[in-house]
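What follows is a pair of complexes built around chain A, which joins chain B in one and chain C in the other.
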Partner chain A sequence: METLPLFIAIPLAVAFLFPVFEKLSLRRALLDGLAVLATAALLAGSLGLLAQPDRVYWIGGWAPPVTGINLVSDGLSRLMLVVVQAISFFSIVFSLRYMDRYSSRGFYYGLFFLLLAGMNGVVLTGDLFNLFVFIEIAAIASYALVAFGCESEELEASFKYLVLGSVSSAFILLGVGMLYNLTGTLNMAEVAAKAPALSGLPIMAMVGACFLFGFGLKAAMVPFHAWLPDAHPSAPAPISAMLSGVLIKAGGVYVLFRLFFSVFGMDLLYARVFMALGAVSMLIGVLLAVGQWDFKRLLAYHSISQMGYVLLSVGVGGEVLARGGPTPVAALAVFAGLFHLVNHAAFKSLLFLCSGSMEYVTGTRQLAEMGGLSRPMPLTGLACRVAALSISGIPPFNGFWSKLLIIIAIVQAGHYALAALTVLVSFLTLLSFIKVQRYALEGPLPELLRSVREAGLAMSLPLLALAALCLLGGLLLPLYAGALFTPAQEAMLSGLNYARAILGG
Partner chain B sequence: MPTLDHLPYLFAMLLFVIGLYAIVAKKNLVKLILGLIVIEYAVNLFLLLLGYRGGGVAPILTRRDAPAEFLARTVDPLPQALILTAIVIGLGTLALVTALALRLYDRYGTFDITEIKKLKG
Partner chain C sequence: MQATSESGGGLSPIVKTVARWMAGFILVFGLSVVLYGHLTPGGGFAGGVVLSAAFILVVLSHGRREVLQILSERAPTIYDGLAALAFLLLAVLGYAAGGFFLNFLPKGQPFQLWSGGIIPLCNLAIGVKVGACLFGVFAALAVFRHLHQRSA
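Take a look at the complex of A and B:
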């Protein structure tokens, strides 16, 4: 039986069950059980997919020569699929207890699974318009989830996010329309087959600009980042973990990689734009983060900065490839970028879940009002420390290894100034996380917080699991790189061969 | 060279820019929402123009039509299908953004975005 459509069908079907279940006043345990079961099944399915070869599923049997919409499982989409399922599973387990603070659990789960269905669709689809539809499903669900608490700040953040997100979607649709007019097809593989003939046309610059703006905004790259520091902290903590941990990757960076590597073909100009966006985001993000006192807002700015690393590294890989440099260097740069993407998903989700755990028991997100939390909350404290060390790039945690590989790749590509910038940003990141540890975990426990306790196993278990991933993800890299990263890296480096792999011949 | 045939495309782009202007320059939430709607319809108009063919017939194949001759005369139906989908997505977004604006009005008592700014930094 074909399993690819199930990654979209299961969350979509489940999403609409939850509000109905709630209306029927079914037991809460039933809703919780269904949510955990569905995400666990999807996670198992995505891990199972890793062992299988690339394949294409044509919806409704509309295979070439009459191309319909297709779902593609190649190295890159399998990698993203695993990351999305893993983070959503941990977020759901964390939500079981955390969402006690909010009413209407049914709608929360419903929107969560819509978000998941949208992201899985984006990752799997091989059709440009289908991509737009799934991006919008994920986006609308995330607008609603950001406003879920209905407080003034949350509504304000959601409105800002929605307006900017809709404008970026309009640009994406405009780009899709222009590309359709040029090629007469919406299938990514067929566009890729015609890409060599298109390159150099003036209109392609317009198409490229539309997609760079549209998906750059979804990925919150500087200068399109203004919405992220408002939107991500306003959402409930497990949703912040989903938005920062996977949505900006699946809906932004992944699509940029897919379109510019596999569909348009990487050229020197695009690669330089990637590098510039990455380097600027990396620096501006961390500079804005250092001064923050709201824990979640600080984390949100770091998301911009860390995604800058990913885009810079992959951009360097593309540049080496485009100028005909040594392939091993390009391969290393792409590999390091993807590795950092996965690591960022692990440690940033962990940090947001930690912030949620602290907010749950202390009722505040302000670092200045916290202190000494590692004593009453040893598990959260430990997990938070692991994540902070990972994101700052301290050995032996995963962030260290990916940053090291990124710096090695950039030096080998001959961009010494960029390598120095990367080291500097890493240092500033460490600085701001020393501040987090100093104010949240160390020091005297404020009088008000004397009675706080760990919030319970349902909240601590996902934290510990993610912390273990942060530790083992780096150390055990040689064991799983071949299954997870190498196929993804090959899928990106093979560039326009994407078309041949899908259409055959 | 641009000719009269390009005029509808220019109008679509003009509409797009008007919508963008409303979003960038206007301070009232309702006007921002109107800007969003204008942008969305500009893109839909653009898609429609892509499928247009002067003197074309509706893309409905009947038994009397010879397929080859029909293909030469019909307009492209695909952009129309895309627009239908885009309209539905736009409706969803519009419903959500209107609900948000109403809730914001409840909280702040104003539609003026310069007075709705609790978030900063």
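Take a look at the complex of A and C:
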């Protein structure tokens, strides 16, 4: 039996079960159990998929020559699938305890699984319109989740996110429409097969601009980032971890990679736009982050900055590829970008979960009101420290290795100024996380917080597991790179061969 | 008239009677749009919107107070969720015949009511889903909002 559609069907089924259960007033343990079981099963399934070769599944049996909707499992989508399932599993385990303070647990789980179904769909689909639909499913679920607390600040953030998100979706739809008009097909592989004939047309620049704007906004690249620092901190902490950890990747950066590498074919212009967006996001994001006193808002700005690293590195890879430079350099740049993407998912969701754990016991997100928390909360303190060291690129944690690889790749590609910028941004990141450690973990414990304790094992376990991933992810890279990263890197470097791999011939 | 509708008592008996009659016809029309969805313009979504319009008409004419006696807050949500699950079940049942979303029922003669395999069933599920969902949105905004304000 083919398992690919189940990655969309299971979260959808679970998502619609929860509101029904909630209204039937079933026991809470049943809801929690179902949520954990579903995410664990999906995680196991996605890990199992890693061992299997690339394949295409035509839904409803509509295979070429009558092209229907297809689901594609290639290296890049398998990589994203594993990341999405892993972070959602940890977020759900963390939610068990954290969501106590919110009502409507069933609706929370329902929206969470809708978000998951949307992201899995985006990652797996091989059809442009399907992609748009799944992006909308994920986006609409995330609008509701950002507003889940129903405080005025959260509603405002959600409304801003909703308006900007809808504008970006409109541009994506416009791009899909123009592409359909040009090629007469919505299947990404068929568009890719026709891409070389289209590449000179002026309208293709318009299509590319629509997608860059649309998905750039979903990925919160500067200058399209204005919604993220409001939306991500306003959501409940496990949702912040999902939004920053995976949604901006699955719904933004992944689609940019998929479309511009596999469907349009990377050319020098697109690669330079990637590099410019990445470099600007990297710098502006970190400069805005340094001055923040709200812990979650600081983390949100760092998401912009760290995703800038990913886009810059992959853009450099594309540029080397497009100008006919040495393939190993392009391969290293793409590899480093993907590695950093995975690492960012691990340490940024860990940081958001830590901020949630601290907020749960202290009731504040302001760094100035915290202090000395590593003593009453040793586990959270340890996890937070590991994550802070990872994101600032201190050896031996995973962030160090990916940043090192990114810098080596950029130097090898001959962009010395950009490499220097990358080092500078890394230094500024370290600076702002020294501030976090100084104010949240070290220093005197404020009078008000004398009585705080660790929030319980259900909240600490996901933190420790993610912290272990941050440490081992870098050290054990040679062991799993072949299973996880090499196929993804090959899928991106093979470019327009995507069409042949799917349609055959 | 304004005063009665403010207190949730509904409109005059003439309006109520006419609306009750009309709601029946609208329901039948909505059902036919859903059931003939695979043959004529329309389908699950359009028919579902018509179905919800029938219920909305009754709420508008009869007023909040009367409606709350027969309608519970949970009903639209439950029908909404169950219809979505039914649609998904049709897709997953395709596995038994060989694949996800495979049309596993006999296709029948084109342009007959009993044709198209699972498509009429899909339309039915979508019709219930859209009807319940749209009515649920309306009810949440117009009927139950007052309940929550009173209890708050």
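Just so it is clear, the second predicted complex is superposed on the first by the 505 of 505 C-alpha atoms of A that agree within 3 Å, B and C clash if a C-alpha of one lies under 4 Å from a C-alpha of the other, contacts with A are read in each partner's own complex, and residues count from 1 in each chain.
Keep this in mind: a residue touches a chain if its C-beta (ideal position, glycine included) is under 8 Å from a C-beta of that chain, and two chains touch if they have at least 3 such contacts.
Remember, it's a predicted structure, so these values are computed and weren't measured experimentally.
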Of the two partner chains, chain B (first) and chain C (second), which one does A:Val411 touch, if any: first, second, both, or neither? neither
First (chain B), second (chain C), both or neither: which does A:Ser158 touch? first
Which of chain B and chain C A:Ala458 touches, first, second, both or neither: neither
Going by the contact rule set out at the top, does A:Ala9 touch chain B (first), chain C (second), both, or neither? second
In the superposed arrangement, does chain B or chain C reach more residues of chain A? B
Of the two partner chains, chain B (first) and chain C (second), which one does A:Phe129 touch, if any: first, second, both, or neither? first
Which holds for A:Ala170: it touches chain B only (first), chain C only (second), both, or neither? first
Tell me, which parts of chain C touch chain A in their complex? 74, 77-78, 80-82, 84-85, 88, 91-92, 94-95, 98-103
Can you check the complex and tell me which residues of chain B touch chain A? 16, 20, 23, 29, 32, 36, 39-40, 42-43, 46-47, 50, 78-79, 82, 85-86, 89, 92-93, 96-97, 100-101, 103-104, 107-108, 116-119, 121
Using the touch definition up top, name the residues of chain A that touch chain B in the complex. 129, 133, 136, 140, 143-144, 147, 150, 152-153, 155-160, 162-163, 166-167, 170, 173-174, 177, 180-181, 186, 229-230, 234, 291-292, 294, 297
Once bound in the complex, which stretches of chain A touch chain C? 1-2, 5, 9, 12-13, 16-17, 19-20, 22-24, 57, 59-61
